[in-house]
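Order of writing sets the chain letters: A, B, C and D. Residues in each chain are counted from 1.
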Amino acid sequence: MANSKYEYVKSFEVEDKLMPFNWIVVRIDGRHFHQFSDVHEFEKPNDKQALELMNSCAEALLEEFKDVVFAYGVSDEYSFLFKKTSEFYQRRASKIVSILVSFFSSLYVMKWKTSFPLKELKTIPCFDARAICYPSTKIVRDYFSWRQVDCHVNNQYNTCFWMLIKSGKTKREAQDILKGTQTPEKNEILFRLGINYNELPAIFRKGSCVFRDQVEEIVKYNQDGDPVKRLRTKVGIVHCDIIGDAFWREHPKILSD
Amino acid sequence: MANSKYEYVKSFEVEDKLMPFNWIVVRIDGRHFHQFSDVHEFEKPNDKQALELMNSCAEALLEEFKDVVFAYGVSDEYSFLFKKTSEFYQRRASKIVSILVSFFSSLYVMKWKTSFPLKELKTIPCFDARAICYPSTKIVRDYFSWRQVDCHVNNQYNTCFWMLIKSGKTKREAQDILKGTQTPEKNEILFRLGINYNELPAIFRKGSCVFRDQVEEIVKYNQDGDPVKRLRTKVGIVHCDIIGDAFWREHPKILSD
Amino acid sequence: MANSKYEYVKSFEVEDKLMPFNWIVVRIDGRHFHQFSDVHEFEKPNDKQALELMNSCAEALLEEFKDVVFAYGVSDEYSFLFKKTSEFYQRRASKIVSILVSFFSSLYVMKWKTSFPLKELKTIPCFDARAICYPSTKIVRDYFSWRQVDCHVNNQYNTCFWMLIKSGKTKREAQDILKGTQTPEKNEILFRLGINYNELPAIFRKGSCVFRDQVEEIVKYNQDGDPVKRLRTKVGIVHCDIIGDAFWREHPKILSD
Amino acid sequence: MANSKYEYVKSFEVEDKLMPFNWIVVRIDGRHFHQFSDVHEFEKPNDKQALELMNSCAEALLEEFKDVVFAYGVSDEYSFLFKKTSEFYQRRASKIVSILVSFFSSLYVMKWKTSFPLKELKTIPCFDARAICYPSTKIVRDYFSWRQVDCHVNNQYNTCFWMLIKSGKTKREAQDILKGTQTPEKNEILFRLGINYNELPAIFRKGSCVFRDQVEEIVKYNQDGDPVKRLRTKVGIVHCDIIGDAFWREHPKILSD
């Protein structure tokens, strides 16, 4: 039976190649995660277990997909960076987007039990995803600065909000107190509630960076009992500032051509 | 801290709305599923449990997303149809594609244990996905005919191939025997191996159709003990021909405007 | 000298195929034509010569491009319709758009002298253009209805406006009088100024339709002096209603598949 | 009469913004210009008048559109470069492409008489056009190098070909002689025919570059009769190498951010 009679329907598929020589960022973002975190009683304003589950999925994703050179995560979102010369699935947008988000979603469910041994997964975790092209490293850095500023702004607000709630305010009262406040005022509110913002865990304040790095490992000991070391590439996570130059200077490989 | 300095990076996101008044098909497809089915020792040529796991995910997907009016699955792929007037996520391609494939992937892992109580999930199931626009119901039907013809062609070949293997042939020998054969010759090979192709389970030969249907349900019994029935819309699965007119005539709602 | 070193720059060209099996409309629109019509002292509210120059260009365009089956023009804009199965330049959007607008622009300059023998072309006529896909004949008809309603609304307003100007009002006064008026009030204003709107030339009120039609032509006379006729396909222009069914029923070929 | 009933057809227009922060090249290319140059008896292999007509149109285009910072022309094609920060028509591809090609086409017809006072314009000049995004200045330079290499390769071949024709060979014979020849062999053929390739006019060998430059102009003479000079920006044309660094170093403004 010839298939040709119907095969013309394939011609409706449109080419969706991402521009060559552009960096590609794929950002995934939890769908209805406000509700998801309620159902699963995530701690407020930040649930460390939930963040580490996201990080663990991102790490596994970088282990699998060599073309992803860097990832930055905050809250229920994660951004993955592909080198500008990457030919991953011939740069076809829907392939790249769907494979990353599918892989991440499967991992999230598979790793749930490890992160939350006592919590049942009650609803279906779901993420959306999009691919964005950036023509220069300068703009790629601005992208990640944008996400980290967002992390800071949201985290500071949420920390204030939930500390006020824990101090006995209603949600409405907390919102009213925070309306229109700037960074110094928020810091003061936190201070009065006994919290030094800068001493909060860096994972909350800075988000998480995932990338490959060379680490020296002891591979064996020689006859004299001296360690034999070797450089190995390993995916690791840090929580630090990525807006300034320091991080990128220390890790020049990430944004090298 | 103002975010505006970096927010310009948002301007690189491109609008990817799918054409209005077109039917939308999202097809998901297992990535490296040949290997996945080897690792998990799926039965050849068809593993009923694996197919029913796919179906169960598709059913749950239709329960969740009311805009999906029909789905057709075969092997490790599933096609989901949105009405042409659907405004699901404002018809943004990457939203639609990513959410469906993410939801399906999470379900696949969550439901694994039920389908395979004795098998551990050893590798990470992953699907790609794409969205395609079709301007008319005629072409939508041709699309599903295309998939069902493909189901038939592949299933017939695979059934022959694996029956030859089970009869003692090597893979190379089986391939050589099947090279260039047409439907009647394949049926004859099967017949000689004691198999009547048309008596194989319909789920293998026809694939699976998932859609909402009105079913009469007993909701309670009145005082006389008579059943009180009500029409309810329920997602169901059938395995039947969808190339001819009969199916679509019986279910006119699916392709109605 | 090998060219290959630089040829990679071709890979940045993106495929821009218009969806198959969709009708294609290319609409061209005068750029800065308000100013252009001032410079060339076009008559207000309608300059018959200028409209006929547009029509003449559209006619020549249909003579050249067989895939264009219908065109509708009003003021300084023209819409050209390609059959949904057209494979003109493999349906590449930029090819189709650029070739049509380039051809039209050249014609406009070449034909200027014939339309305006006493007027010099003082500035450079320029048109923009875009291509739009429509999945059904119903929507194609709605498209042309949209343009004809626009023609009517604009023409009625402009006729009122310029009649008020000619009756001695300032532009500001005319605008104030017309602000918020509906069709009946505008007709009354015209009536008071001695104009029966429905008796204005159809080319002003209805715009112009260009399409191929079969006409009977006398090709020669036989020995008895009787005319020998033959059907010939000719591009012609009419000014009539295209919102109702009559026009399309009379010319079924235009929208036939 | 409300227009809203039909206005939904506007929703089928797709956004076609060109990527921000990318250089934009619009290349126009003569359609059927082989035939066009035969009909108008252009000199072979190069018609200086025809090239200067193209150049004159490009110059006028740069005078009109300030966002175009550079243009390079060869034969019947011209490439126009927009700065990467240009917001010309909000970077909408079809607007940019159509306006440039329309403007150029009108100019071509309007200027024809000046270039060819004794030749009637017998057929309709028509150009296609496309827009391409380039993410870096390096790639923009490679683009123009690509075009200039093409200019050289074609011109050398064509010069050989037409010199052989003029020496009495048939077209077939000329093709056979040139088949597979490299640059040195072509130069030798030309040498034998009495032509030193490097002494041919630069406009043939190098194509034409159009850009704005600062020129010192005498604006008036003061009382003592001394000239008062002022720097003025003027669009000019040169025919020189643009593959090496020299040109771009001398004109740093063109590719500056």
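Operating definition for what follows: a residue touches a chain if its C-beta (ideal position, glycine included) is under 8 Å from a C-beta of that chain, and two chains touch if they have at least 3 such contacts.
A quick note: this is a predicted structure, and the numbers were derived from the prediction, not measured.
Asker: What is the chain whose Cα centre is as far as it gets from that of chain B?
Answerer: Most remote chain from chain B, centroid-wise, comes out as D.
Asker: Please state whether A-D or C-D has more C-beta contact pairs across its interface.
Answerer: The comparison resolves to C-D.
Asker: Round to the nearest whole Å and give the separation of the Cα centres of chain A and chain C.
Answerer: Each chain's C-alpha centroid was found; their separation is 53 Å.
Asker: For chain A and chain D, let me know how many angstrom lie between their CA-based centres, rounded off.
Answerer: For chain A versus chain D, the centre distance works out to 47 Å.
Asker: Quick one: report the Å distance separating chain C from chain D, using the average Cα coordinate of each chain.
Answerer: Going by mean C-alpha positions, chain C sits 31 Å from chain D.
Asker: Indicate the residues of chain C shared as contacts by at least two other chains.
Answerer: In chain C, 12, 14, 19, 21, 133, 139 touch at least two other chains.
Asker: Taking the touch definition from the header, please name the shape of the chain graph: line, ring, star, complete or other.
Answerer: Contact map by chain: complete.
Asker: Can you list the residues on chain A that touch chain B in the complex?
Answerer: Residue list for chain A touching chain B: 1, 3, 6-10, 12-14, 28, 31, 60, 64, 93-95, 97-99, 101-110, 121, 124-134, 139, 142-143, 145-146, 149-150, 152-153, 183.
Asker: Could you list, by residue number, the parts of chain B that touch chain C in their complex?
Answerer: 19, 21-22, 133, 135-136, 139
Asker: Touching chain B in the complex: which residues of chain D?
Answerer: 8, 11-12, 14-15, 17, 19-21
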